[in-house]
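In the two complexes that follow, subunit A is the common piece, with subunit B as its partner first and subunit C second.
Here is the complex of A and B:
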């Protein structure tokens, strides 16, 4: 590849990373369940796009397979499974409850992003530009998604944030470990599908018994 | 072949259960499969202790001395938990379909649990640990009450959250290894490559893995899911979760730490000691103020996980030896306690400590068993935990981290006093009028529950006197596999 082309791909990698981070912020701000799901699907698409770009960059066909698996599992299968297992909660059109309001949450997410860059900083010496883009943003996505879980009160948004953590981890992963054995990525994807199935069924059971999926209001078991 | 059989047995039991065999028969077949696995695990442990690990597929599947020992403890717990489940389900009012699914999920859970010590690729160990969560969610929420579902939800959400953090750590570990030119990511390679890895990456990677798996092991302060899960899950499930938290996960963490600490500038051991001490101390205080006896036992599990991690990270092979000993004695003791409590629950029908009084006067044998099991858990002689805790303190005081051993001793004393205080109030005490009225509850204890109790009691009593020679050999081999030498 010519140096021009490499620089161009690196620009694209950076751009993808930027949009990926934007999706993490979107997941905090989304006010309806369907919106959360759409943002999650978008984020997974960006993960796949980043894997394709890095596949070109690193000459790794494994990453192309990773991209294909991500699209099949996260863009196609997960929305399908969720509609199957937790239909009612998915289509409910109402405002989602949050413990902390959205502007404040976005500020906290911004602070978490800075923290991620600070944490990752010492690891970035002598690395490729792709690592510079993906590693801190993957870290930031993980931190923001953990924060999102704690402020969301309903089952499905919590679950989607959980899946976003996994996205963040693998977004960092594709840059730092391109020759990571494929089985690892497949294991991760398999795991994500199992999570969706299990938690989807569980949230439906909760819905059926208590008429709502607001797990945040479940407080029967607090230690008194 | 033996390793394959380990997975085939629960798989067969699962198929038999799913194919519509009468429920009790399905339960006994599952228990029989677990019994076969106990024997397999013992044979594996004997082979692995003689030197080279037993390998089924190079780089993927195999057991070293430590792994085989953990497998043995898991299978032993599974055996008694399945036998106890037969009686537990027989007196339970749940519909037959849900009871059948109980055994199906249980066997799936066992496959994942057995895979943890047998897999050699670290990312797959991670997958197996996550699957143990997913397969046990419906076991935890078996009662299907809103509270049980809530417990299942918290359990799944928080432990999977931990798993997602851990995978980031594992990816960083891979990154460090591939930068140093290593391409195979097994336990052995991790150990071989550790001295050449970048400490900046390694330290963050280990911290993420510790936090991630620590959440699954409910180390303090990542234990938010634990009180609910334990107070709602059926008793045999509590026993299995205890083994998962205090045997399987410490196994993974100690094994990663044993490799990572070889890197110059690694802080793995300090972090293990820090998290271990915080967990042991925090759990001792939580035991003091808890209101439910199931939670009390759960906190005691955290305390033991903390003790094991602290001792396992001390710079002394005698302390590591004692830590693995503690894994053994805790994994045989805790199921016994949950079975005794399960039987006591059938008698009193209450979970709150303040509502349980005078068990001894209502049923002398249940009271005696509960008292003995509780004392065994608290670490009183002549039971297994007494000897191993003593060994930890002795080795710890002689190690460079004597201060940590002194703190551990304090925590052990606090928890001992707290456990015996709660225990005496429940078992002795005078039954009040409300308790006397509650005696209308069915007090026929299923025979299989009693059988599980007796089987579980055997190792606790034996290990309270001495370690049989073969087990001592396996224990030494497991310690050696962590890179320690016998003093």
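Here is the complex of A and C:
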């Protein structure tokens, strides 16, 4: 490849990384369940885009298969399964509850990003530009998703954050281990699909029994 | 030298006389998207013309601030026009006077005068709108600062003529995340600062819900005309900073003949029309946010701007 082309690919890798980080912030700021799902799908698409670009960069066909698996499982199957199993909670047009309000949460998420950057920093001494972008941002996405789980008070957004943790881990992973055995990726993805199916059914059951999936209000016992 | 001064005057004339047209096109397009007929694109000119021919009524309670404000508001965007690249990609005669931060201060001065003039008349709606504008303003302030930090970080300069070249040399720099994210954050700022829909409804005439509009509520006659004109010029100048400094210097004249500079006018106008189309899409597809959700909107803009700095730090 010509140096000019390499420069282009590097910039595009960085750009997908930047938008990936924004999607993590979006998961905190979204005010409805459908919004959360859309942002999750967008984040998965960016993961796939990053895998394609890194595939070109590292000459690794494995990464293209990773991208294809990510699109099939995360962009198509997971939204489909969630709509099938937890339809009611999915399309409810009410505002989500949060323990800490959105602007404050965003600032905390920013602090987590800086933290991730400083934790990963020492590992970045002599690596490619792609690792410089994907490793800290993937790590930050994991931290932000964990934070999102703790502040959200509803089951479905928490579940989507759980899936976003997995996204973040993969985002960091594809940069540092481009030739990771494909079977690992496949196993991970099917695990995620199972998790979605189980949690979807579970949350519908909870919704049927207690009338809501707001985790914050589930701590008290019901009186019949 | 004389030619540079002439080009500067051409820039000022372009901003003064094209800005009402841009606002007119924006209003017309928005109505068309809402499947209404909409006012003519020249309506803003007619409004300003009409207002200049009417008498001005001044409240007996008001002081000199109320009288001076239309002139300050009118002069601020014109001063900024002399500092920024509107038509040319090389600095003109007055460009040495200030950088982007200086331009920001001058625009803020106009906003400050408009706010205290709104309080000056003792009209309750004026003070209410003024305090809301200040709320949006102080939430937007940190975003402005971080955007400027990022720009300094990338270009090692705050002079707009140096910054704009940095984004396209080499061409792949255009897709640098710092560039795209700064542009996104600044676009959100333009929506907030000029009272566009997710923050404020520019076509609403209900005093209790107004943010930007209520500041000029007490003005009549030539004062109102100047305020209206100043508002459209501020919008135009912000779009110029956004498009020419923060996006790319494409379409700007690099030659030094008068023909080159005049050719740049339609090119810049096309760029502005594209940006106006984007604003129309945003305004037609979103609903106005509740007052206390504005913090979330500008918080998001802040996060986008800081993400720009962070991705920049990661890659150097």
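One rule holds in what follows: the second predicted complex is superposed on the first by the 219 of 224 C-alpha atoms of A that agree within 3 Å, B and C clash if a C-alpha of one lies under 4 Å from a C-alpha of the other, contacts with A are read in each partner's own complex, and residues count from 1 in each chain.
Methods note: contacts are C-beta pairs under 8 Å (C-beta built on N, C-alpha and C of every residue); 3 or more make two chains touch, one makes a residue touch a chain.
Note that the coordinates shown come from a computational prediction; the quantities given were computed from them, not determined experimentally.
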Using the overlay on subunit A, decide if subunit B and subunit C clash or can fit next to each other. fit
Subunit A-centred angle between subunit C and subunit B, computed on Cα centres after superposition, in steps of 10 °: 150
For A:151, decide between first (touching subunit B), second (touching subunit C), both and neither. neither
Mind working out whether A:106 is in touch with subunit B, subunit C, both or neither, as first, second, both or neither? second
Where does A:205 make contact in the superposed view: on subunit B (first), on subunit C (second), on both, or on neither? first
Return first, second, both or neither, reflecting whether A:78 touches subunit B, subunit C, both chains, or no partner chain. neither
Touch check for A:190: first (subunit B), second (subunit C), both, or neither? first
Report for A:129: first if it touches subunit B alone, second if subunit C alone, otherwise both or neither. second
More residues of subunit A in touch with subunit C or with subunit B? B
Considering only touches as defined above, state whether A:117 meets subunit B (first), subunit C (second), both or neither. second
Can you give the closest approach of subunit B to subunit C, taken over C-alpha atoms and in whole Å, for the superposition? 18
The intersection of the subunit A residues contacting subunit B with those contacting subunit C is none
Write out the stretch or stretches of subunit A touching subunit C in their complex. 4, 7-8, 10-12, 14-15, 17-19, 21-22, 25, 29, 101-103, 106-107, 109-110, 113-114, 117, 124, 129, 132-133, 136-137
What does subunit C use to touch subunit A in their complex? 170, 172-178, 180-181, 295-296, 299-300, 302-304, 306-308, 310-311, 313-315
Under the stated contact criterion, what part of subunit A meets subunit B in this complex? 119, 122-123, 138-139, 142, 146, 149, 155, 158-159, 162, 165-166, 168-170, 172-173, 176-177, 179-181, 183-184, 187-188, 190-191, 194-195, 198-199, 202-203, 205-206, 209-210, 215, 218, 220-221, 223-224
Under the definition above, what is the set of subunit B residues touching subunit A in their complex? 121, 123-124, 126-127, 130-131, 134, 137-138, 141, 144-147, 149-154, 156-157, 160-161, 163-165, 167-168, 170-172, 174-175, 178, 183, 185, 198, 200-201, 204, 227-228, 231-232, 290-291, 295
